[in-house]
Every structure is written in C-alpha cells, then in structure tokens.
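After this come two complexes, each holding subunit A, first together with subunit B and then together with subunit C.
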Partner chain A sequence: MMQYASLLIALPLFSAFLVPLIKRAGKKVILYYLSLVTLIQTGIAAWVFKEVYTSGKPIIVIAGGFKPPVGINLYIGHFAALFILIIAVVSFFMAVFSIKAINVDPIDKYAMLFLLLMLGATGMIATGDIFNLFVFMEITAISAYALTGYNKTGEASEAAMKYIVLGGIGSSFFLVGIALLYGSLGTLNLAQIAMLASKINPTVAQAALALLVFGLAVEAELFPLNAWAPDAYQASPHPVTVMFSAFVVKAGIYAMIRIVYLFKDTQAFMGILNLLLILGTLTVIIGELSALRQTNVKRMLAYSSIAQVGLIAVGFGVATPQAVDAAVFHMLNHAIVKTLMFLAVGYVAVTFGSPHMENFKGLGKRMPLTAFAITVGAISIVGIPLFNIFWSKFKLLLAALQVGKTGIVALILGASLVEAVYYFRLLHLMWFEDGKGEKIEEDLALGIIMLLLVALIVVIGVYPDFVWGIVQKASADLYNVAQYVKNVPLLQGVSP
Partner chain B sequence: MISAYYFGAISLILIGLYAILTKRNLLKILVGLSIMETGVNLLLISVGYVSGRTAPILTEGATPQTTVDPIPQALVLTAIVIGVATTALALTVAINLYEKYKTLDIEKIRGLRG
Partner chain C sequence: MVKRVLAIILILITGYWLANALAQVPFGADKMLVGKYYLENVKEQTGAVNAVTAVVVNYRGLDTLGEVTVLFIAATGVAALLWRKKRERTAKSEGSVVLQTGSKLLLPFIMLFGAYIFIHGHLTPGGGFPGGATIATAFLMLYLAFREYEIPHNVFEPLEGLAGMGYVAVGLIGLIIGGYFLFDWIWQTWQLGHANIGRLFSAGFIPIIYTLIGLKVGTELTGIVDNMVKEPKEGGQ
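And now, the complex of A and B:
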C-alpha cells in the first residue's frame, strides 16, 4: 500500500509525456488535461497526508527493492506530506488559472514543463538521497528556466538567461559539496550521512555545507544569488510566478535546511547557522528596501517574497525547536498568502495587459472581488492580528526573544514596518483613487479560488491552534534528526 | 599523484568562474559555465579514483578489489547529461536574446531594471 506513494513522482512524469498525444485533440484540451492531472495529484497527496498524519509514521518508498543505502529511498514524513499537499493544491489552482492566463503558443510545451516543475519540487521534498536531490533540483531548475523564458519576449529571455547562469553556478557548487561529502563519508544517503556526521572532519564538513548552502541559495533566493528572482518573477507567465513563490523556493529552502540539520550534533553546525543568519538578514533588508521603490506590482511582490524567504532562513538560523516551528509555520502561511496575491495580481495583469501601478487605480470599483483578495493578502503579510502571518511572525519573535537575539526582533518589526508602507500605498491606490473604466465581470472559477484562499487566511488567523499542531509535527520531523535516522530502514552491515 | 587531479579540477572550476564573472560576451559566459561543469565532473571522478585500478565494468576478472569506485562515475554520467540540457537551453535563450536585442553584449541587454 505504501508503495503507491511513488505515484506522486510517477504520475506527473507519465502525464508530461502523454501531452503530445493529447495535443492531437486540440489546444484547449491540453489545459483541461493539465487541470485533471493536477487534481488527481492533489487526491494522491491528500491521501498520503491523511495516511502520514493518522498513523504518525512516515511513508518510506524503496526504489527497486534495494534497501538504502544501496538503493534510493523516498522519505515522506510529516513535513514532506504537508508540503507535497501544498504543491499539489497550488498546482491545481494554477492549472485552472492557466486556462485563462496562457494564450501564447506552444501550449503543449507549457503543460509539459508545468508538470515537470511540479514533479521536481515534489521530488526535492520527498527524496532521501543527496544525489537524487541534485537530480530533482536540476529537473526543477531546467523546467523553471524554460518556463521563465516562455513568453519569448526580450525581457523573458533576459530573465531566463540570468536564471540559467546563476543556476549553473549554484548547481556546480552543489556538486562540489556532494563530492566533498562523498569523499569523506562514502555515502549519499541522507540518513546515513546523519549517522556518520560526527566522524567527518569539522573543517571539511563546514566547507561542504557552505558549498551546499550556496548551491541551494539560488533556488531558495537567498541574498548573493537571488538577482534572478525579481526579473524571473516579472517576466514569467503569471501562473508560473505563483509556482515559483509558493513552492519552488520552499523546496529549495527545505532541501537546504534538511542537509544542514543532518549535522546538528557536530561542530560544523554553529558556523553554518551563523552563515544562514547573515544571509537571511541581508536578504530581508535588501528585499524590503528594493520593494519600496517598485512601480511594477508583480516586481514589488517578488521583492516582498524574497524578504519573507529571508525571514524563514533567519528562523531556521536561530535553530531552537520553537524557532523551527515558527519558520515552518511561516513557510506554510507565506505559501498561502503569496499564492493569493500573485494570483490576484496576475489576474489584473491578464485583464488590463500589465501589472503596472497605473492599472491598480480604482481597482476596488472595477474588480471588487480581486481588490478584496489583494487587500486581505496585503494586510496579512504586514502582520495585522487575526490574519495568518501575524501568528508566524509573532512566534518567530518570541523564539528570537527566548535566545536573547534582539537584533532579529528589530529585523522582524522593521521589515513589517517597511511592508506596511508599500502595501498600504497599493491599497490606497486601489480603494481611494479614481480610475477610468467600467466595472468588469470577474471570472467565476478564479473568484472561488481567491475566496477559498481568503477564507483559509482568516480561519488560520482566528483559530491558529489546529494548523499549529500540524506545523509542530512537521517541524519536529525536520528538527529531530535522530528520529529521521531511525525511521529509514538502513541495510545493516553496509558501511562505506 | 592524486593531488594533480584535484589541482586540475579546481583550476578548471576557477577558470570557468573567472570567465562567468568578467566576460561581457554572452557566449563566452556560457563557455565559462561549461568549463566550470567539466571541472566539477573531474573533481567527482578523482574523488572515486584509486591509483592503478581499472574501469568499473563487469568483465571477467573484475572484482571490487581491482576496480575504482563506480558511484562517482554514475554520478558524473548524470551530471554530464544535466549539463548538456542546461547548455542547450542556454544557447536557445541566447539565440532568442540576439534576435530581440541584436547584440550578445550583456552590458547592452538591459530591459529589466529596478
């Protein structure tokens, strides 16, 4: 029964290769087919989620009947189950949005790359092998490059090129890190690496981890390697932007944290945590300050998204159980809110042609539902109580106070203040300025999706306890490395 | 002797990185990226190399004692394939950029700002 969880990887892959056959039935059919596949994926992910959370045990899929570390295993614990569900749900919403938003040819290639992007992110989160992680990272990255350049305008090509060059540097760093780890431990299995972590020379471990962190920082949008992100967010098709912000980043940061936390009990850990704290802090400061002076709303949201990822990295850098809880909670909340925001802004851009500030004038009168969705999202990101991000920011603040890091408290509060400035400017523009043009009939399916997300934001904001329980289980999966090692059925007697 | 391989691999990585960071022509940057990937592949291979042993192919007389470590070689095969895909995609994008901007100079390709 457990082996069915491998369908999470197999289904998108097979469906992606079926797209050329579906193409014969007509172009519009492809996008409906995409929605169907992502819906089935959501169903499987929901089943896996239920299975993991009711049994309390992770699902471990062993490929080919070879036990790890000889074979490759998938590890779907509490964290992976939660985020695979998020990936599937967001992909389904975006497949529905694509029906409206994508009208540039070749649509069949778009559907293929869309499925591969979903597959790559799912694989990055589910895998239990560091080289397998590299392969999934490259699947994600290559489909992301191609989707960034999908519109084939000069800007899209430019953004894709930046992404390719940075991604190439990142993947090379990542491979060198793998080479160092393999050279000193002789294994690629994450659980076995964790088991042997104390045997590695601390300097080598630190160098390897630093290289791995820099390699993944490209996907995770941490400061020195995130120059591609605003351009790619601005130039890629609107559904793809949502996918980048909602789960590609999350998969990158999860992989980074999983690898770093494997070395929790070694000397190398403290140094890497400091690196994470510094990178995260710089990411927050630069992201927020750049967001202030944007006139393109999509680009502004991209910078805001980068800053939020910085906050998540800071949370993981503090590395107490409370801080990890808060960071995972923030990952979840950010995925929900940014899906809503980019969806609404993308919808406005599809309707009026571009996501420029001009087009948001008087939006409250022209597209009330969309404007309402943007308003709720913006208020939530700023961290007003009764909305979901308030709780994750608040928990992060408490966790930072517990270890006496007042600098982080100041960082979180300062970031919220800057966010308030640029989001309220947008809200003012939408509700209190007069725009030209008549009221526009809004799309029913998109309206329902937006209302669902708004409801989720408010429900988590008012009753955070239920989701908080789920998040605590998920973050325990990340923090409790000893349990992780115990869960993976390593073949006895095989040692490097 | 083994250190010569490490030295060569790391110099290739650094040459590639230098080309990426300093060149203005897009194609030269992509060549730099390829050189860097080659260096990384060489590094991975030399991690698994044991002096005086043969290739890890299942033939008569090949035992774990007479061959080098096969895992890095399998990894490098995968990495080479990924590298080819990335390079091909990058060149496609470069063609598209040249059609749109009529130049490959990255100083002049600046449609996105801010």
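And now, the complex of A and C:
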C-alpha cells in the first residue's frame, strides 16, 4: 500500500502528458483541469503526510521492485512529507490564481510546464538517489527556464537566457561532482554514500562536495550564482514567481543540505559548512541591500526572498540540531509568507498592469483585502512577535548564541532592520498616501486563499508549538544521518 | 585587463585543484559492485541480453522516465517560447531534385531502421532515444526538401502525449500487479518469454517501453524541428 506514494510522481506526469489531448477543449477548461490535478496531488500528499507522521516511519518507494542501491528508491521521511505537502498546496493555490493571471497563449504549454515544475520539485525532495536527484533537478530547471520566458517580452527572454546559462553551468558542476563520488564509491544511493563516506579520499570528498554545492547554489539562489533570480522573479508570470520562491528554491537548498550532511563524519564537512556560512552571509547582505533600492515591488520581494534563503543557508551552516530546526522552520514560514506576498502583489499587478510602486499608492482604500494581506506578510517577514517568522528568526538567533556566533546574531538583527525600512516604506505608501481610482471588487477565490494564508501566519505566530513539533521531526530527518541510513533497506552483498 | 588576468588565475587554481582531486579517484578500479551485480543478474532478472538496456529501463527506470520528461519539457518549452498566432515557412527555394527524390524514397526505410533500433533495444545496441532521433531525421529531410511541407500536427501532438501516458500507465500497471511502480510485470509476474532469451519476444516490458519512448522522442524532435524552421508571419502577432 505504501508503494502507492509513487503516485506523487506518476500523477503530475500522466496529467502533463494528457494535456495535448484535451487542448482543443479551450483555455478555461485547461486551467480548471490544472486546478483539479493539483487538488488531487494535494490529497495524495496529505495522505502521505498523515501516514508518515502517524506511523513515525518514512515511506520508502522502491522503483521497479529492485532494492537500492541496485534500483532507485524514493525516501519520503518527515521532511519530504512536509515539503511535498507544501509544494502540492502552493501549486493548487497557484493553479487557481492562474485562472485569473494567465492570459498569454499557449495555455496548454503553460499547464504542462506548470505541472512538470511541481513534479520536479517534488521529485528532488523525495528521491534517495543522487543521480535521480540530478534528473529531477533538470526537470525543475528546464521547466523553470521555459516558464521564466513564457511572457515572451524582451525582459522575460533576457531573464530566461541568464537563467539558462547559469543553470547549465550549475548542472554540469553537479554532474562532475556526482562522477567524482561514483568513481570513488561505486554507488549512487544517498544512504550508501553516507555509509561509505568515511572511506572516500578527503581531497576527492572536498572537491566533490564543493562542486555539488556550487552546482546546487544556482537553484538555491546563493551568492554568487543568483544573478538570474531577481530578473527571473520579475519577468516570469505571477503564479510562477510564487512557485519559485515557495518551493523551487527550497528544493534546491534541501538537496544541497541533504548531500552535505551525508558527509557529517568526514574531514571535508567543516570546510563545507564554513563555505555555506560565507555564501549565506553574503547572500543575506547583498539581497537586503539590493532590495532597498527597488521601485518595482515584485523585484523588491525577489531580493527579500533571496536574503531569506541566505538566512536559511546560514542556519544550516551552523549545523547544530537547534540551528537546523530553526532553518527548517524558517523554510516553512518563508514558504507561507512569500506565497501570500507574491500572490497579493501579483494580483495587484494583474489588476493595474504592473507591480510598480506607483500602483501601490492608496492601495488600502482601493483593494483593502489585498493590502491587508501584504501588510500581514510584511510585518511577519520583518520579524515582529505574534507572527510566524518572528519565531524562526528568534530560534535561529538562539541557536547562533548557543555556539557563540555573535556575527550571525548581528546579521539577523541587521537584516531585520533593513527589511523594516523597505517594507514599512511600502506599507506607508499603501495606507497613508492617496492614490487615484475607485475601490475595486476583489476576487472571491483569491480573497479566500489570502485570508487562509494570513490565518496560518497568525496561528503559527500565536501558537507555534504544534508546528514547531512537526518541524523538529522534519529537521531530525535531515541531521540524523545514521537513522536515515538505517531506514533504507539496502541490498546485502552490493557494498564493499 | 586586470579582470582577465584574475579570471585566468582563478581558472588555473580551480583547474589544478580539480585535477588533483581527479588524480585520486580510482577510475576503472574494481569498485563498481553495483555494476557487477547488474552483469551477474541481468538475464535472469530482466531477460535482456543487452545489459545497458536493462539498466536503463529496469534497474534505473525512474531516471529514464525522468529523461523522457526532460526531453518533453525541452520540446514543450521551445513550442511555448516560439509560439505565435500565425507562423509560416520562410525557405527561399525548394530543395534540389536529388534531395526531393531522396527524402521521399528514403522516408520508409529511415523509419523502418529507426523502428528496428528501438524494437530490438533489448538485443542490440540502441534503444528508444536513438531510434526516435533516427525517425525524426526522416521528417527533417522532408522539411529541407520541400518549402511547403508541414507535419500533420493533429496526429503528432496527441501521439506524443499518448506515448508519454503509455509509459506512465505501464509503470502504474506494474504498481497494481507487482506492487512496485515501474515493476516489470510481464517478465517477473507473468513470466512470459523466459524460454526466448536473446530473441525478439523476451525481456518483459522493455520492447513496449522502448517503442513508446521511440515514438515519443521521434514526435518531439520533429516538433522541435518544426518550431525552429517556421517564423512569425508578417502582420501576425
């Protein structure tokens, strides 16, 4: 029965291949079909989530019935179950948003790429095999390139071009890294790599890990390989921007952390952690400072999103259990908040034609619900108590203090200060300046989605214990590598 | 100038460091236990004489499904980005007589050869990807030879989708019958063709999957050619 979790992969694939057959039915039908498929995916993900969290054991999907390392396995543990659910829910919301936001043809191609982007991220988080991870990363990346350029404006093509060049370089780094690992260990299975990690030559391990980290840094939007991100976020269709920020980047950073943590007991580990800390810190600083100067709200949010990812990387770089808990919590909170923010800003852009600051003047009077949603999101990101991000920033701060890294404390506080400047400027614009134009009737479905997310932000903010419990289990799945190895039923006799 | 020198120095350091790491990897040493396992068990577990095929379709079937999807995304992406309401061929002249006659005459043979490559994938080198690419060249020649030629889109697009759905469906049947996604139920559960190893009717679902992949790759690559060769019509958007 547990093997039916493979439907998480099979359903989006099957549905994407079905689109060419129903494309004659018209635009609306395709977009409703997209919502239906993502809704079913959400159902399956919810079932998997329930199974994993009630039984406390991961679901191991064994493709083809060949046990790893001979075959490929999916490892849906606490972390994967949680984030696959997030991916499915966000995709469903965005499918609903697409009905309103997507007017550019060809819709059928959009639907296919949308589903495959969701599939790729799901696969990256679920897989237990490093080459399979590469395949799913390619699926994610290539559908992301195409979706970035989907609007077919000059701006979009330029962004897609930048993304494709950097993404291509990242993929080849990653592939060379895999080759080094496979050449020295003779296996591609993540659990077996962890088991044999101490046998690998330290120089090779360091080179392989550095290559893998730099390869994934493109998807994970870490400095210096994130130059594509602001452009891509700005130019891609609004629902796609949400998906980038909510889970594509998360899948990238998860993959990076999973691989790095497999080498916990080797000499190379400390060096890679320092690399992560440096990259993360630079990402935060450059992201926040760039966000200050933006006049396009979508681009400003993009820089803010990059900075948050930097914070997550810093958390993983500290690598104590407390820090990993905090980083995973921040991943979850950031996914919720940025879904809300990009959705609301995208909705404003759809209504007024562009997400420029001008259009946000007096938004509180013209689109009160949307303005309210942006306000809650902004307050939360800045890290004000009673909202969800306060807790993850706070826990990260505590974790940094525990190991005496005061630099990180300063980084978090400084970042929050800069965030306060540019988000409160936006809030001021929305509520205290007069814009022209009448009040606009807001869309019911989008209103409900925004209110749901707002409620989630406040509930986690006021009562974080329940979600914190889930997050702790999810992060234990990441740093408890010994348990990870134990959970995978490796075939006997195929290890040295 | 300084920038360029710095870049060169950086490349040299990185290169030295990589070469250093590569020198320590025992490539070719007998570490490939998984590979040995494949060679020892391939016939009995999959029925394929061509071990590479068995690895591609059986042992690492999920990767192959992913690769098929990657190609599908590439074709879809090209179609999405080059999409315009009205497009037309803009070739200035027809192909020469030799090309025209040759492309027509060779069309069935090229397709037959492509089909041979993917149907016999479990016996001889080759498989769905090269077979499909071969088939696509037949259509590429038609595009080169005739100014007005266009593939029948209402056949190609649904066929591409159906082939992909067929692959996933084969995997799902495996899930229902054998309990695992992409399980080779024909070989392992029904045990069909066990007496036939080395002949066409063996190796379980490999020929079925390779046929589906061949059709899919063929239609996809042809679709990419079609998209690349056409340009937006004057006045049309």
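Annotations
Criterion: the second predicted complex is superposed on the first by the 495 of 496 C-alpha atoms of A that agree within 3 Å, B and C clash if a C-alpha of one lies under 4 Å from a C-alpha of the other, contacts with A are read in each partner's own complex, and residues count from 1 in each chain.
We adopt the following convention: a residue touches a chain if its C-beta (ideal position, glycine included) is under 8 Å from a C-beta of that chain, and two chains touch if they have at least 3 such contacts.
All figures in this text were calculated on a predicted structure; none of them were measured in a lab.
In the superposition on chain A, contact is made by A:110 with subunit C only, not with subunit B. Once the two complexes are laid over each other on the shared chain, residue contacts for A:145 go to subunit B and to subunit C alike. After overlaying the two complexes on the shared chain, residue contacts for A:207 are found with subunit C alone; subunit B is out of touch. Judged by the touch definition given at the top, the superposed model places A:296 against subunit B, while subunit C stays out of reach.
In the superposition on chain A, A:456 makes contact with neither subunit B nor subunit C. Of the two partner chains placed around the shared chain by superposition, neither subunit B nor subunit C is touched by A:440. In the overlay built on the shared chain, the residue A:155 is in contact with subunit B alone; subunit C does not reach it.
By the touch criterion stated above, A:420 is placed in contact with neither subunit B nor subunit C.
With both structures placed on the common chain, the touch criterion links A:286 to neither subunit B nor subunit C.
The partner that reaches more residues of subunit A, of the two candidates subunit B and subunit C, is C. Overlaid on A, the two complexes show subunit B and subunit C touching the same residues of subunit A, namely 131, 135, 138, 142, 145-146, 149, 152, 157, 160, 176, 183, 188.
Of all the residues in subunit A, the ones that touch subunit B in their complex are 131, 134-135, 138, 141-142, 145-146, 149, 152-155, 157-161, 164-165, 167-169, 171-172, 175-176, 178-179, 182-183, 188, 230-231, 234-235, 290, 293-296, 299.
The touching residues of subunit B, when paired with subunit A in their complex, are 13, 16-17, 20, 26, 29-30, 33, 36-37, 39-41, 43-44, 47-48, 71-72, 75, 78-79, 82, 85-86, 89-90, 93-94, 96-97, 100-101, 109-112, 114.
Remark: subunit C residues 17-18, 20-22, 24-27, 31-35, 37-38, 45, 58-63, 65-67, 69-70, 72-74, 76-77, 79-81, 83, 85, 157-158, 160-165, 168-169, 171-172, 174-175, 178-184, 188 touch subunit A in the complex.
Touching subunit C in their complex are the following residues of subunit A: 3-4, 6, 9-10, 13-14, 16-21, 23, 61-66, 69-72, 105-106, 109-110, 112-113, 116, 119, 123, 131-132, 135-136, 138-139, 142-143, 145-146, 149-150, 152, 157, 160, 176, 180, 183-188, 201, 203-204, 206-208, 491, 493-496.
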